[in-house]
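The following pair of complexes shares a single chain, subunit A, combined with subunit B in the former and subunit C in the latter.
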Partner chain A sequence: MLWYKAWCETRSRLGIAAVAVTAATGLVWHSDWQARGHERMFASYVWGAAGNDSVKAVFVLLAIVLGAGSLRQEQAMGTAGFTLALPVRRRQLVIARAAVGLCELCALAGFIGLLILSLSWSTWDPGAAAQTLRYVIQWSVCGGAVLALALLASIAIPSPYLGWLVSLLGFFGYEAIVGVSGLGRYPAFDLYRLMSDPRAPWLALVAVAVAGTALVALGHLWLRSRDFA
Partner chain B sequence: MTVITDAARLPAIETHALSKRYGDVVAAGPLAFSVVAHRVTGFVGRNGAGKTTTIKMLLGMIAATSGSGRVLGRRIDDPEASLAIRRHVAYVGEDKGLYAYMTVGELIRFTRAFYDDWHPALERRLLAQYELPIDRKVKALSKGTRTKLALLLALARRPQLLILDEPTDGLDPVAIEQLLQELAGRSGDGTTIFFSSHQLGDVERIADDIVMIDRGAIVLETSLDDLRAHYRVVTVGFTTPPDEKAFGMPGVLGVRVAGRQAQILASGNADAIVRRAHSLGATSVQISNATLREVFLDRAGGAAAVR
Partner chain C sequence: MPRGLAVLAGKAWHESRSRFAISAAILATLCVVFIAFQDPLRRLMGATTAPANTYAGYIYIRVYATVGEGLFAVLVVLLALGGTRRERAHGSLGFTLALPVPHRTHAMVRAAVGLGQVVALAALPAVLVPAGSALIGLRYAADQAATFALLWAAVGSIGFAASFLVSVIVANDYAALAVSVLAVRLVPSALTRLPGLHQLPRLHDLMSGHAMPYLDPQRATLVCVPWGVAAGSLVVAAGLLAVAVWLSGRERFLG
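Up next is the complex of A and B:
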């Protein structure tokens, strides 16, 4: 039932997220269509859509929105007492929240993939479903790490808006540091590029998934010993 | 016939030097009190006295700084034991915070999934009694209706221990009456009830025992029967204003002088107080049973106390 609770908390955000990615993907497709018409092949189209900075930025933003939410924020809303009186461990609360957020994010990435495929069928030669699926996995894994960052921020910061802001600044600050320091040469460090890396570096994706899990575990450690007065 | 086992005779709640500090601020403690199983215990104190902090320590929401406590025989500082405690305790918090995004029906379904002691028949009866709109979102409920829903979520179970923090807050007189009757009935069924309230009349009506807290410390722990049997207010009239120090003697808890009259709160020794009053030239002496309110004002009343 904790999954149900987490779903109820985020279902409206997911609906808004679906509308947002539809709009973003549609706009990208439309501008691409206007600019290039029928000249492009499907593979290059998928690459362009999945690697488009605008859609990626929207997706990262939505990962932050979906990841935010924890007992700290429940405390601000006055429901932490009710939740903590339930016969569940705090660890279960964090895991349920992270798992539901990740499922929603995967669904969102899958939805973007479907959109790209559907739009392509109306214009170009369909057939690169496997490639699209690979991008969906890359987006889900990288988005999952961003979601874990947002969850950690929402555990550490009681204000939801401040939590979102810190997550956003944290992610883009991290990307800037990666760019400046030269760590971007290693795919595992540059999430933004990894999302649309056509080589699909699986090892890097595993490393990102581990990092995301570590962030969730850190969130649990933070929450475990915290008082809810 | 209900057989009460040795385990059942253990205190439902017991604390030993339990305290909570935030830096230099003492939120509660050191607290040493116990709640007898199968009885109703009123937990009274002023705002900020430490009632809610104590309850939250018992339920594992706040970690104690020092001391120890047990609920239903289990240690409150052991995470696994705390989980078992919460399985057998129904709790209604002070703020009655419930998930605003769920409907009444969704919240009931959500909550009952966690407890083996949920009674659908009780749920149906309370739903009808409280006239709760099953399809309405919690965020659209009035404060009183939200309180009723919070009570339903606790009372639709048959827990070993009910912990209620200001349960009548926000309720209309009819709902308060229904709640008091419900609690009295639960007590008769053997449920231990520990509740905090500022409504001393309600406490006096249904409680068997009283635990009084002031500035984080227990200032009175007694049964109401004992309070009624031994606590007295002696009102003495004089021709001139009396010296309150003249009544400094065993059993005297507080003396208040107003003009030519002295009001003395005593936990015993009333005969000796009367003799002292006569020896001081009292023109009139009246003895009455002390009410919980009078004892509360003395023990926890601060500036308003009987002195």
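Up next is the complex of A and C:
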């Protein structure tokens, strides 16, 4: 039931997200790759480090949009009472919301992967599928951490717009600090680079997944102590 | 100003002032950080060629061409969101509709207040950059900052107007936010790929002057005041806002 509730609340966003990533991938395909005269396979080109910035930036924006929304916003809309009347713990609400968001994000990353493979059908080779799967995992894990940050912000901030803004600036501010401080030497710290790291550093991905889980746990602690009377 | 309009303007201001205040604070902080820490940040850039190795070039790259400009583009989108569609979703629409003014007046006043905020936000670097530079013993030409403010305000109003139009059509907060941000980011790029429109400049390029005849790339300075770009941008923004106000006036809120 909670999963269905979370799905109903976010499905329109997922639809918009699917359209957006299709448009972003299509733009990359239509412009740069065609202009380069097909010298590289499309999958390699898009998943490679440089050319996929527009798709990656759109994916991060969408992860923040998919992660936003919690009891705090429901309180602002006057529907929190109905949710709180459900015979479930707040922990279950947070977990269901985070899990549905993560599933949607994985589906979105998988959709991008399928899209890129479909667009590169003419230059198909088995290596592209393996590479795509690896990048889908990387994007899902890193996007999951961004989603957890957005969920935490939406628990802390009642206004949806401000929550989104704080999440966005929090992410890019963090990336700027990582870049300036030299922490970018360690793959686990630089999420943006980790998403397109061709080496697939599994240990770093595990660390990012743990950090994302910690953010959700922090959100739960915040929500648990809040009085909605 | 008639009292009714003043009341509506006050309402629009109250609804968006926290967003505006946070946006202004973030943009101001960014400018101050780039100026106060210009020495280590320029060292980190490691630029050896013009214009990046000059102070004016550094300010252009950091504030007017990349980080500051990108942030401004997102903030103006955020300032435009809200409106009667959102109020219906929040259950507060009845109070607004009880006010004795036509629907389109609500939208017009909200657009006017939002545009005022966009102008104020665009003017912020124009004040902070020359003043902050003077405080640390460097110089950034005030006329350059003012011209960039004009570009930001005019071109930014297109992003604002596009987002405003979305807010009139889409009721859900997050859906409107997603559509607005993605539309402002993707649609201009998509338009330039259409046959016959490939020479259409991107909003980002118009705001920063990148690859535009009014920017001297060697010195990273504007060589003239691009009145044509400003006027054209305002016409496009006015067109989008007119459509939004027209749609808002046609809306029926029964049921």
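Convention: the second predicted complex is superposed on the first by the 214 of 229 C-alpha atoms of A that agree within 3 Å, B and C clash if a C-alpha of one lies under 4 Å from a C-alpha of the other, contacts with A are read in each partner's own complex, and residues count from 1 in each chain.
In the analysis below, a contact is a pair of C-beta atoms (placed from the backbone, for glycine too) under 8 Å apart; a residue touches a chain by one contact, two chains touch by 3 or more.
This structure is a prediction, so every number in the text was calculated from the model and none was measured.
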Have a look at subunit B and subunit C on subunit A after the superposition and call it: clash or fit. fit
Of the partners subunit B and subunit C, which touch A:F228 in the superposed model: first, second, both, neither? first
Using the superposition on chain A described above, determine whether A:F82 touches subunit B (first), subunit C (second), both, or neither. first
More subunit A residues in contact - subunit B or subunit C: C
Subunit B versus subunit C as contact partner of A:M1, first or second or both or neither: first
Is A:P198 touching anything from subunit B or subunit C once the two structures are fitted on A? First, second, both or neither. neither
Would you sort A:L165 into first (subunit B), second (subunit C), both or neither based on which partner it touches? second
Please give the nearest C-alpha separation between subunit B and subunit C in the three-chain superposition, to the whole Å. 5
The shared contact residues of subunit A with subunit B and subunit C are 12, 77-78
Over in the complex, which subunit C residues touch subunit A? Could you list them? 18-19, 22-23, 26, 41, 44, 67, 71, 74-75, 78, 81, 89-91, 172-175, 177-179, 181-182, 185-186, 189-190, 193
Mind listing the subunit A positions that touch subunit C in their complex? 10, 12-13, 16-17, 20, 23-24, 27, 30-31, 54, 57-58, 61-62, 65, 68-69, 73, 76-78, 159-162, 164-165, 168-169, 176, 180
Per the touch rule above, subunit B residues touching subunit A in the complex are 27, 53, 56, 59-63, 79, 83-84, 86-87, 89, 91, 93-95, 97-102, 106, 110-111, 113-115, 150
Would you mind writing out the residues of subunit A in touch with subunit B in their complex? 1, 4-5, 8-9, 12, 74, 77-82, 84-89, 225, 227-229
